[in-house]
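Each of the two complexes below includes chain A, the first together with chain B, the second together with chain C.
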Partner chain A sequence: MAAVRKLLEALACLFFVLFASFLMARSVPGGPFDQEKAIPPHIKKFMEVKYGFNRSPIQHFFSYFNGLFHGDLGVSLKFTNRPVIDIIAQSLPSSLTLGVSALALALLLGFPLGILSAWRRGTWLDTASVFLCVSGVTLPTFLLGALCVLCFTHWLGWLPPARLDSAEHYIMPVMTLAFRPCAIIAQMTRASLIGELKSDYVRTARAKGVSEARIILLHALRNTLVPTISVLGPVVANILTGSFIVEHFFAIPGVAKYFIEAVTNRDVFLIMGVTLVFAVIMIATSLIVDLMYPRLDPRMKNG
Partner chain B sequence: MDRSNSPYKRSLRVFARDWKNLASLGFVLLLVALALFSRFVVTCDPDHQNINKITQSPNLQHYFGTDSLGRDLYSRVIYGSRISMLVAFITAAAGLILGSLYGTVAALGGKQIDTALMRLLDFAYCLPTLLLLILLNMLFGQGLVGIVAAISLEGMCTVARLVRGQVLQLKQMDFVLASLALGSSRSSLFCRHLLPNLIPPLIVTLTFLIPSNIMYEAFLSFIGLGIQPPYSSWGTLANEGWRGMLSHPHLILFPGTAIFVTMLAFHFLGDGIRVAFDPQSER
Partner chain C sequence: MQKWSYCALCLLVFCACTRTPKLQKNTLRFPIPSEPPTLDWSLSNDHVSQQIIYQLQEGLTTHDNKFNVRGALAHRWEISKDGKTVTFHLRDAKWSDGVSVRAADFVFSWQRLLNPKHAAEYAYFLYDIENALEYNTAKLQNPDAVGVKALDDKTLQVKLKNPVAFFPHITTHPITFPQRQDIVEAHPKDFTEAKHLRTTGPFILSQWTHDSKLVLEPNPQYYGDKPTLDRVELLVIKEDSTALSLYETGHLDVALRIPPLDFDRVSKWPDYRSVPYLRGYYYGFNITLKPFDNIWVRKAFAHATDRKEIVKVIKGQKIPSISWVPRGMPGHEPDIGLTYDPDTARSCLSKGGYPSGKNFPSVTLMYDTLEMNKMVAENLQFQWKTVLGIQNIDLQPQEWKVYLDTLTRNPPQIFRMGWGGDFPDPHNFLDLFLSNSGNNNTRWKNKRYDDLILAGSVSRNQSERMSKYREAQKLLLQQEAVIIPLFQETFEMVIKPYVENFVIDELEYPHFKTTRIRLTDKTHP
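After this line comes the complex of A and B, so read on.
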């Protein structure tokens, strides 16, 4: 029952997000039809009627929302009459591949790094990992991208600098995108594992002579999963934010790149389409995290 | 040596004990001073174009080299810090004040107001921050004012959650109950009992809000949706540098490093302040 309630809440949240962002996207000063070359007023009027801009924002939203249920995301105002759903279908796969690989890489590196760092606390390994975490949080994504390109393209000549034409094109964008989430995951794992290693059951296990590796892997690690899973929401948000920078930086024709263009062109329906995609990803992530909690920690079943 | 038990003096003592804290504080003050007095630090006019000196590499005359219009990059980075810092400080202050009000009203206003206000905030957590900032920026209009308004509102959402949690926690404390039993009004309860207890966590939040706002402004400007000419921040400089990155890497490396160094200084300062205000830190 709790799951159904959470799902309904998530849907309500999605509706609210769509409503608010539609009002914001539609309120852009200048309007979608103001371009460098002025359009004759009667044609402008005709276009406003065609795309619904003569109606009140609320009416306009509900006709848009009605369209969503029929799989109609509207048409792009800039790329004349191309359906938004086509643009998204074309650009989403590369963005998704990029984002999912970055998430996988961040988890695969960040989690073990955090464990190692907590295990060998105070050694050079820990210092190195803390240093990596701090730079992960403070290094601007575009500086990291620039360093990667300079190193691997300019000096070594190993990797192509931009676009996504083959598998090796993915390496640098994924690395750049994964760095910050990896740092967040490692930091969180380290902190919660260190906290866990101070608890009574660990002391008991140590007193009984259980080896440190066994304590960490069999006893403490399971309890650090809950705080680590809770960081998944911010991590996904981070990857989505990073995708704007990375797609711009490496000239990748993904959804975020189209979004930036759509904002410059005041292309309302394309803006809404991308917002919908990002909102669904964010809300689905937090829903999954919410549903995973009781499985990892039975105490949360009744709370 | 003064061993008084005032919590602020104690925090100050803990803070001053670590040389890393003092170094990062000194560095942050230096950066602020550079932004404030940039006119006296620059070597030439940041907007002066010299067609004979385009895209020079760093040299003794132009420490950071020159850009594609022959402008001195060192002066531009120093001047860029003004906009970056200005935006970060104003948005952090505005976000802090608005967020504290919002969070306190939610926590003290009763169940229905609380639910309504918190549901409204959920909006901010259903979208990635940068996308939310862009949408808000569309609402407020492009330009400096729009960016400041957008980042402030985003900061407000973070602060409001935190303050609400703190106030709800404080509300359970005995001294609040005692003060209510003695007949103090809601406003005096807030000013005399809640606010003093909120200030330490708010100071800690401020030191984390400023660097994250510098970063968000830089991100917005880097993708071309932030600060527009005639103003330029570190993010816009990085965007300009990105275009010619392979042939003239110094154009993106210097503004990027300026952001990195500033973020590092604020990160260590924030960490030091957080530890200093932690009641368990002295032992």
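After this line comes the complex of A and C, so read on.
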């Protein structure tokens, strides 16, 4: 029952995001047909009628929303008459591959790094790990991308600087995209594990002579998962927002770069299409995290 | 641990071994700054699309390298004595699938362009044709009433409302190229995709991976000299610094825009070139707002503007210019305009009622948020402060679309703008400032100017035309000082030494047809 309620809340949230985004996209100054070379007013009027811009934003939204139910996401206004659904279908796989790889890398490196850092707290290993985490959180993605290109392309000559023509092309964008989430996961794992290691049950286990590795891996780690998983939502958001810059910088034919381009071009239906994709991913991630809590922490089952 | 080390080593060896791009020989790899918005040449309105369409299609006429009009799909044309009827005779050319190019293909294309249902932005290009405006504004429903007829398969007749001296220039533009009715109707939503597109130009589109790459290959049916390249790869790379990195690492053969931070380094390379094109950059005054309703104030600002200093600040080799019609275009008058002269500037400001800039009201200077525009605006603010003593110039950047909206609704006192040529005739630059032009954000209306531009457009005597345009330019730039032209834009580019005969013309069209790759050069993979 709780799951159904959460699902309904998620759908309401999605509707609100779409409604607010549409109104904002329609209300900002400057329209999709404003260009350096002004088009004659009657042609502009034809275009506005053709794409529904002669209607009020609310009427326009509900007409768009009706289309959504029939699988029609509208057409791009910049990429003339190209269906938004085609644009998303062609560009989403690259973004997903990149995002999922970065998330996997962030989890694979972030968890062990956090555990190691908490386990060897106060040693050079911990200091190095904290330094890496702080760098990961503070370094802007575009700077990190530029540093990667400088190092791996221009100095070492190992990796191609951009595009996704083969497997090796993924290495730098994935590394760049994964760095910040990896730092966040490592920081959170370290902090919560340090807290757990001060608990009474850990002290008792130590007194009984249980090895430190066994305490961490079998007992404390499970409890650290709850706070760490709670940051997965923001981490996914981080990967999505980071991918705007990464896709732009590495000339990757993904969907995230349209978030900026579509807004710049006032390409309303493309803005909505991209918003829909990202909102669904974000809301679904939050929903999954919410549903996982009770499984990880039985106390949550009882409210 | 050993296993991990082994894996890492393998990965690095793999990367090191594959770092050289594997490419086919005789392929040109060329960057484009965005996915082409459309390859439907009737609906295209941007340079990226039109640069590609220009490789794939041809029209009735084309230009030589001196901007003389030459026959393309039309091998000759006649203009009637009254100048109102132009008859084009088509050569025996074929589409890429072997079907003959017919006059009816042009009729279909032009009627489609003018059909209000398609809301084509460039439809106004054909408004000089009889009933074109009426059909496009839905006052006429019958497309056959438009003055374009196929007299037979190889003869196209165009009836104009008035004589238009530059009409054969208009038919060089991609939006006038022929369309195949059978293909467009069979695949209305995707006839521009590689599998359906039929072309009349030197290349065919063999692959279009959206957002990533377009591949062009020679058109075996092309009537003219065949391209020497086997393949052109157009790679979508938005970021200029990324394109330069790809160029430096051998993944691109040309990089068309050098980021300002790299300019000092790259401009020393032997493969660096600066190529001017027909695009002017100017500042305009809203002449209905104080203090720029005063001609002396406008003249003072124009005389206080040192274009050479601006070009130095923004780097690159842009061409400083006091005149408006750019170099390379007929009607270019390098001496018409107000030169940098601080003493005259101060004297003009005094005549305008503001000696030494005293009591000069607060002024808003607006520009769109590009780094170069910011540098130009800041430099102008400094120059006008130094020369004229004007302290209170408020710089206001705006996002591009917001900026366009502001210029249309409520232009500020001073604003930045630019204009790129569509066809090489001075009319294309001077009609911007007609009283009824949608591009005239200065709010300047001058009947004498309008009459001169109209007289220039209908006259069939070239020297008379140029004299009208000369007079119009004097009125615009010297007598009324409505705008301050600053410079003409250039492509700052690098080209690999094994790429020969690569030309990008002043209308920004690259000519892949004549480009060659020197295959013996070891530097090419």
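The criterion applied here is as follows: the second predicted complex is superposed on the first by the 303 of 303 C-alpha atoms of A that agree within 3 Å, B and C clash if a C-alpha of one lies under 4 Å from a C-alpha of the other, contacts with A are read in each partner's own complex, and residues count from 1 in each chain.
Following the convention adopted for this analysis, a residue touches a chain if its C-beta (ideal position, glycine included) is under 8 Å from a C-beta of that chain, and two chains touch if they have at least 3 such contacts.
Remember, it's a predicted structure, so these values are computed and weren't measured experimentally.
Novice: Could you say whether A:28 touches chain B, chain C, both of them, or neither, answering first, second, both or neither?
Specialist: A:28 contacts both chain B and chain C.
Novice: Let me test your reading of the model: by the given contact rule, A:149 touches which partner, first (chain B), second (chain C), both or neither?
Specialist: It touches chain B and chain C both.
Novice: One more residue to check, A:157. First (chain B), second (chain C), both or neither?
Specialist: Only chain C; A:157 stays clear of chain B.
Novice: Taking the superposition as given, does A:14 touch the first partner, chain B, the second, chain C, both, or neither?
Specialist: first
Novice: On the A-aligned overlay, A:218 touches which partner chain: chain B = first, chain C = second, or both, or neither?
Specialist: Neither partner.
Novice: Could you look at A:41 and tell me whether it touches chain B, chain C, both or neither (first, second, both, neither)?
Specialist: second
Novice: If you stack the two complexes on chain A, which partner ends up touching A:91: first (chain B), second (chain C), both, or neither?
Specialist: second
Novice: Going by the contact rule set out at the top, does A:237 touch chain B (first), chain C (second), both, or neither?
Specialist: first
Novice: Just checking: does A:279 make contact with chain B only, chain C only, both, or neither of them? Give me first, second, both or neither.
Specialist: Only chain B is touched by A:279; chain C is not.
Novice: On chain A, what residues does chain B touch that chain C touches as well?
Specialist: Residues common to the chain A contacts of chain C and of chain B are 28-29, 146, 149, 153-154, 161, 248-249, 264, listed in rising order.
Novice: Enumerate the contact residues on chain A facing chain C in the complex.
Specialist: Contacts found on chain A: 28-31, 33-43, 46-47, 50, 78-83, 87, 90-91, 146, 149, 153-154, 157-164, 166, 168, 171, 248-251, 253-254, 257, 261, 264-266.
Novice: Using the touch definition up top, name the residues of chain B that touch chain A in the complex.
Specialist: 119, 122-123, 125-131, 134-136, 138-139, 141, 211, 215, 218-219, 222-225, 238, 242, 245-246, 249, 252-253, 256-257, 259-260, 263-264, 267
Novice: Of all residues in chain C, which touch chain A in the complex?
Specialist: Against chain A, the touching part of chain C is residues 12, 14-16, 18-19, 21, 34-35, 37-38, 40, 43-45, 116-117, 119-121, 123-124, 136-137, 189, 209-212, 235-239, 241-242, 245-246, 248-249, 251, 399-406, 408, 417-419, 437-439.
Novice: Would you tell me which residues of chain A are touching chain B in their complex?
Specialist: 13-14, 16-17, 20-21, 23-25, 27-29, 134-135, 137-143, 146-147, 149-150, 153-154, 161, 233, 237-238, 240-241, 244-245, 248-249, 259-260, 263-264, 271, 274-275, 278-279, 282-283, 286
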